[in-house]
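Presented sequentially are two complexes of subunit A, the first with subunit B as partner and the second with subunit C.
And then the complex of A and B:
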C-alpha cells in the first residue's frame, strides 16, 4: 500500500442500540484519506438495525469514493443479524483480523 | 422453560429504556434455560420492537413502554411490547422498516395492532 492509501480503523464497542444512534453516526464518518477502512465491531456486545443503517450509509459513501471496507466481528450474532435484515451479502464480514486486512490490501474496491 | 413463567416490566418510553428492558428479558431467558443462540435472537427481535416503541417518545412528554413475556409452554415464548402515551403522527425513522424485517425473520409469528398506542406481539420458538 502506498502512503496515500493507509488503512483507517474505526472501532465501535459496547451495546449499540437506539440510545447510541447519534454516537454511532458520529463515529462512522469517512475521513479524508483514500485507503481502505476496517470497521472493528469485535467488542460490540449488542447491535441492532440502528447500526446496520449507519453501516449501509457508510458503505455507500465509501464505495462512492472507491474505498474498500471490511467488518471485523467478534461473535456470529452480527452475521445472523445481517442475514435477518436481508443483507447477508452487503458487507465483507470477517471474524479474523488478519483475513480482513488481507482482503483490504487486495486492491481497490 | 417452565410453563406459565411470566415477566412484566413497565417503564418510561425514552431511548434509554430498551437496554434495561433487554437486560430484564435476558435474565428471564437465562432463568428459563433458553439456549444462548435462541436467546440472543429473541433479544434482538424484542430489542427492535422496543426501539420501535420508544421512537414515539418526546422529550418532556414521554409515554410508557411495557414488556410482557410469557412462557406459553416448554417450547413457545410469547412477548408483547406495548406503548401508550402521547402520540403524534410523524414520519418514522427509516431504520424502523429494517427493524421490523428483523423481527419478522426471527419470530414465528408477529402481530402489530395500533389502538391508542402500538402493540407488537411476537411468538418465538424457544426450545
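And then the complex of A and C:
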C-alpha cells in the first residue's frame, strides 16, 4: 500500500444506539480498495456498546486486510465513551481531521 | 447495555372479505340494473313493433277488401244493369280511401324503405276508377274491352299489394330476429349475474377461509413466541438470580455492599453482574462486569465469564494477567463482548489492585477526601486476541471505599460527564451516613432519585474497615507492608481449598460442580 492509495471515508452521525445497529452495520463495510480508512465520527455524540462492538469488528477486518484506520472524534462526551471502551488501544483516535489524514498518509499500517 | 426485543405485531384483516364483497356488489349491482333497463327497452320495442306489423297486415287486408267490393259492384252492375250492385261499389270506395291512408301511416311507422308499391296501388286504383269504373257505370260501349283493361289494372294492383305484404312480412322477420337477440341478451345478462354472484360468494368464502387460517396461524405463532420468550426469560432470570443472590462475603476487615436494578421499561434480564470472593484471610477478590445484550444468551455469557474470572483469580494474583487469561478463553468461545473491572482488596496493607477492560473507571473514596475517578483503560473482553491489560495499584487508608458500577450508572443522560459528576456527588453524599451494607443502594437512589431507569445498573462497593469498625484487633492499621501482589502466593494452596468449598457450597441449581483446579 502506498501513501497514494485512495482514502475511504466512512461518516456516521447522530446518536448511535441499538436502534441504529442495522444502519451502522450497513455503513461499516470495507470497500474493495486497499487504501486507508477514515471513520469520521465528528458528528457522533453517543454510541452504545453495540456500536463499540461493531467498530471493533470492523477494525479487526481492516487489520486483517492490512488497511490503516483512524477515528475522527468531535464530541468530548463521545471521546470519553471511547476511553471507557479502551478504544485508544485499538484505534488511532484524532480530534483534528488534518492530523488524522497526515497519520493515514504516513505509510503502511 | 440492552438489546430490545422485536415485537411481533399481529395484523387483524377481518375487514378485507367485507371490502371484497362490497367491491363485487358495487360492480355487479349497476350491471344488473343497467342490463334490466336495457332488456326492458328491447322488449318494449319488440312488442310495439309486433303490434305495428299486425296492424299493417290488417289495414292492407282492408284495402284489398275495399278494392274487391268496388270491383264486384262495378262488374255486377255492368253484367246485370242492376243498380243494387252500386251499394257494394260505393261502400268499397268509402272504405278504400281510409284504409289506404292507414296503410301509408303503417308503412311510415314501420319505416318501410320502398313505398313506391303503395303509391302505385293508389295510382292504379285511381286509373281504374277513371278508365274502368266510371265508363262502365255510365254504360259506355265496348264494355268487354274496358273490362279486359280493368282486369289488367286489378292484376297490377294486386301485384303491388303482394309486394307491400312481402315487405311487411320481411319487417316482421327482422323484428322477430331482434326480439330473439333481445332474449339472447336477457339470457346472457342472467348468466353474467349468476356468474358474478357466484364469484362474489366464492371470493368471500376464500378470503374468509384464508383470514381465519392466518389468524389461527398468527395466534399459534404468538403463543409459541410467548412460550419461548417466557421460557427464555425464566431461565435467564433463574440464572441471574442464582448469581446475583450469591452472598457477598463478610469479613472483619473488608465489607461489600451491592445493588442491582434492572431496566424499568422491559422485563428483560441484563448482562450486569458483580462478585466478591474471600480468597484468604484479609484478602478478597472483587469483580463487576457487563455482557453486551440481554436475555438468555447474555445470561449464559455472563455465567461463563464469571466462572472463568473466579477460577482464574485462584491461579493469578495479578488482575491484568487474570483479564488476559479470561480474554483468551472468551475469544476461543467466540463470546459476546464483555466489559469488566476485577481486582483484589488487601486489607493487611489497605491496597486495592485492579484492572479494567472496556469499563468505566472505579471511584475511590478516602476518609476526608472527595471521591475521585481512578485510572482505567484496556479493551473490552472477547473483542481482540492481542488486547493488553494493565494492573493498577492504589495505596489507600483504613475506611477507604472503592465504588464499582456498570455503565448505566453514568450513561443515563447522554452527557457522560454530567453522569460522572452525578455519580461522584452521590458517592460523596452517602459517605459515612449510611450503614456500610446499604451504601450501594443509597448511591443508586441518589443518582436516580426515583426516575425511571433506562438501563440495568449494578453498583458494588468494597470498603476497608475504619479503625473504629474493627471487630478484630489483629491488624495494625498504620502498618504498611510493601508486599508485592505475588507475595500472597504462599497462601494460594489454602485459598484454592477455601474457594473450592465456597463455590461448591453456593453452587446455584443447574450449574455444574466446579472442578478442583489444582491439587
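Convention: the second predicted complex is superposed on the first by the 102 of 109 C-alpha atoms of A that agree within 3 Å, B and C clash if a C-alpha of one lies under 4 Å from a C-alpha of the other, contacts with A are read in each partner's own complex, and residues count from 1 in each chain.
As a working rule, contacts are C-beta pairs under 8 Å (C-beta built on N, C-alpha and C of every residue); 3 or more make two chains touch, one makes a residue touch a chain.
Since the structure is predicted, the reported quantities are computational estimates derived from the model, not experimental observations.
Looking at the shared chain after the overlay, A:60 reaches subunit C, while subunit B stays out of its contact range. In the superposed model, A:88 lies in contact with subunit C only, and not with subunit B.
Number of subunit A residues touched is higher for C, counting subunit B against subunit C. Touch criterion met: A:77 reaches subunit B and subunit C at once.
With both structures placed on the common chain, the touch criterion links A:18 to subunit B and to subunit C. In the superposition on chain A, contact is made by A:49 with both subunit B and subunit C.
When both complexes are aligned on chain A by C-alpha atoms, subunit A residues 15, 18-19, 46, 48-50, 52-53, 77, 80-81, 83-86 touch subunit B in the first and subunit C in the second. Interface residues of subunit A, counted against subunit C in their complex, comprise 15, 18-19, 45-46, 48-50, 52-53, 56-57, 60, 76-77, 80-81, 83-90. Interface residues of subunit A facing subunit B in the complex, by the touch rule stated above, are 15, 17-19, 21, 46, 48-50, 52-53, 77, 80-81, 83-86. Residues 15-16, 18-19, 22, 40-41, 43-44, 47-48, 51, 54-55, 94-96, 98-99, 101-102, 105-106 of subunit B touch subunit A in their complex. Residue ranges of subunit C in contact with subunit A, taken from their complex: 1-4, 290, 292-293, 337, 339, 356-361, 376-380, 383-384, 387-388, 407, 411, 414-417.
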